[in-house]
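Here the structure comes first, spelled out in structure tokens, and everything after it is commentary.
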Amino acid sequence: MAHEKVKAKLAELGLELPVAAAPVAAYLPAIKNDKLVFTAGQLPTVNGAISKVGKVGSDVTPEEGRDLAQICALNVLAALSLVCDLDDVVQVVKIVGFVNAAPGFTGLPVVVNGASELFLHVFGEAGRAARSSVGVAELPLNAPVEVEAVVALR
Amino acid sequence: MAHEKVKAKLAELGLELPVAAAPVAAYLPAIKNDKLVFTAGQLPTVNGAISKVGKVGSDVTPEEGRDLAQICALNVLAALSLVCDLDDVVQVVKIVGFVNAAPGFTGLPVVVNGASELFLHVFGEAGRAARSSVGVAELPLNAPVEVEAVVALR
Amino acid sequence: MAHEKVKAKLAELGLELPVAAAPVAAYLPAIKNDKLVFTAGQLPTVNGAISKVGKVGSDVTPEEGRDLAQICALNVLAALSLVCDLDDVVQVVKIVGFVNAAPGFTGLPVVVNGASELFLHVFGEAGRAARSSVGVAELPLNAPVEVEAVVALR
């Protein structure tokens, strides 16, 4: 029964809730503390492999980056689902989108929108978070984007 | 009556509380959850336009960067003012300053001081936050600096 | 009596709890709010000086970076110790590791493991946090790595 509403919303987009990737080191995908859950930074992995690698603005187009940020957001949901019922999320409080930016690529918000728009679809207005978008020099596994989140539970 | 004390402190510096910029995507400038408020990353925009663009250490001097970080901090206050009375802030808990750093420019703390010192002036000792300063590869709109905050309310 | 358990765990590794470095600007090493503590980003300083400077992947090897991340984690503990008894930490909630990455160096998680593994040793399973690892363009003082944390207290 868990995550029923969120799964139905994902199905409207033809998406499924993925299984959270096992962390490869001494950390966890998500930590619940009282009513807040903090997630680890999530990469655009599908079945354990990065969908596409490289820098947004050269190797990866902004539109591809946006699609990859949506995959990061799905993995945020997968991470959250390990420690709470997704249907208990009352607010996505904060997201940070780290974009592996090619020199001179400043269209970072467009990329991170891929994550924000998924949260908006899934959670409705409660999916609108405070957000920071930054362009970083490198990301793990040469991923084009990484998204982390803080959410509040009922 | 709202924000009276903060507005008076800003006036001492010849500054006014700006109107928060409308977000251009599926996010919000600030989210209040219980007694904490998380802000979106704020750019040095004045009336919707970035005051000066480029990298600190080449296009922008450290002193200009510091002044721009102060504008980011004003925009943090504007974002907060949408969801709480600024006079109810009892502690600036955390700030992160992302500096669009030219290669080899490591004087990041000097830049971010522009934000920290504004919070110190406005909130007194409660304005001293835990802080991280990092140099990033790119920022939205080629902004030289971006500041995000977490504050606690009474 | 404060920090007795943590100090004993550090001693097992031949390590001592350092004294927190005084902040050089208008911020604080750690802020306690209710049951959460947020730390400032901590650099790999020993007695006030960075142990080794430069970019991981060129100036600094990944293994050296990992050792430096352990020093950052020690400094996180020092920062926390200013505002709480370390033995009251019930969970390391979130850590972010910012790695000063040479172009093309994507082995960021290996570096940040130096911090995660120290927390795991010191706090046991409560030391496993949600974690983000990102490669940044520059860090203060040309430090190879910077680590910030959020912890929960009993």
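Order as written gives the chain letters A, B and C; numbering starts at 1 within each chain.
By our rule, contacts are C-beta pairs under 8 Å (C-beta built on N, C-alpha and C of every residue); 3 or more make two chains touch, one makes a residue touch a chain.
In this text, all values refer to a predicted model and were calculated from it rather than measured experimentally.
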Rounded to the nearest 5 degrees, what is the angle of the rotation that puts subunit A onto subunit C, matching CA atoms? 120
Pick same or different for copies subunit B and subunit C, depending on whether their interface residues overlap by over half. different
In angstrom, rounded to a whole number, how far apart do the mean CA points of subunit B and subunit C lie? 25
Two or more other chains in contact with one residue: find those residues in subunit B. 96, 136-137
What residues on subunit B touch subunit A, complex-wise? 23-31, 33-34, 38-41, 79, 96, 98, 136-142, 146, 148
Which residues of subunit A touch subunit B once you look at their complex with the stated criterion? 35-36, 91, 93-96, 99, 101, 103-109, 112-113, 116-117, 119-120, 127-137, 150, 152
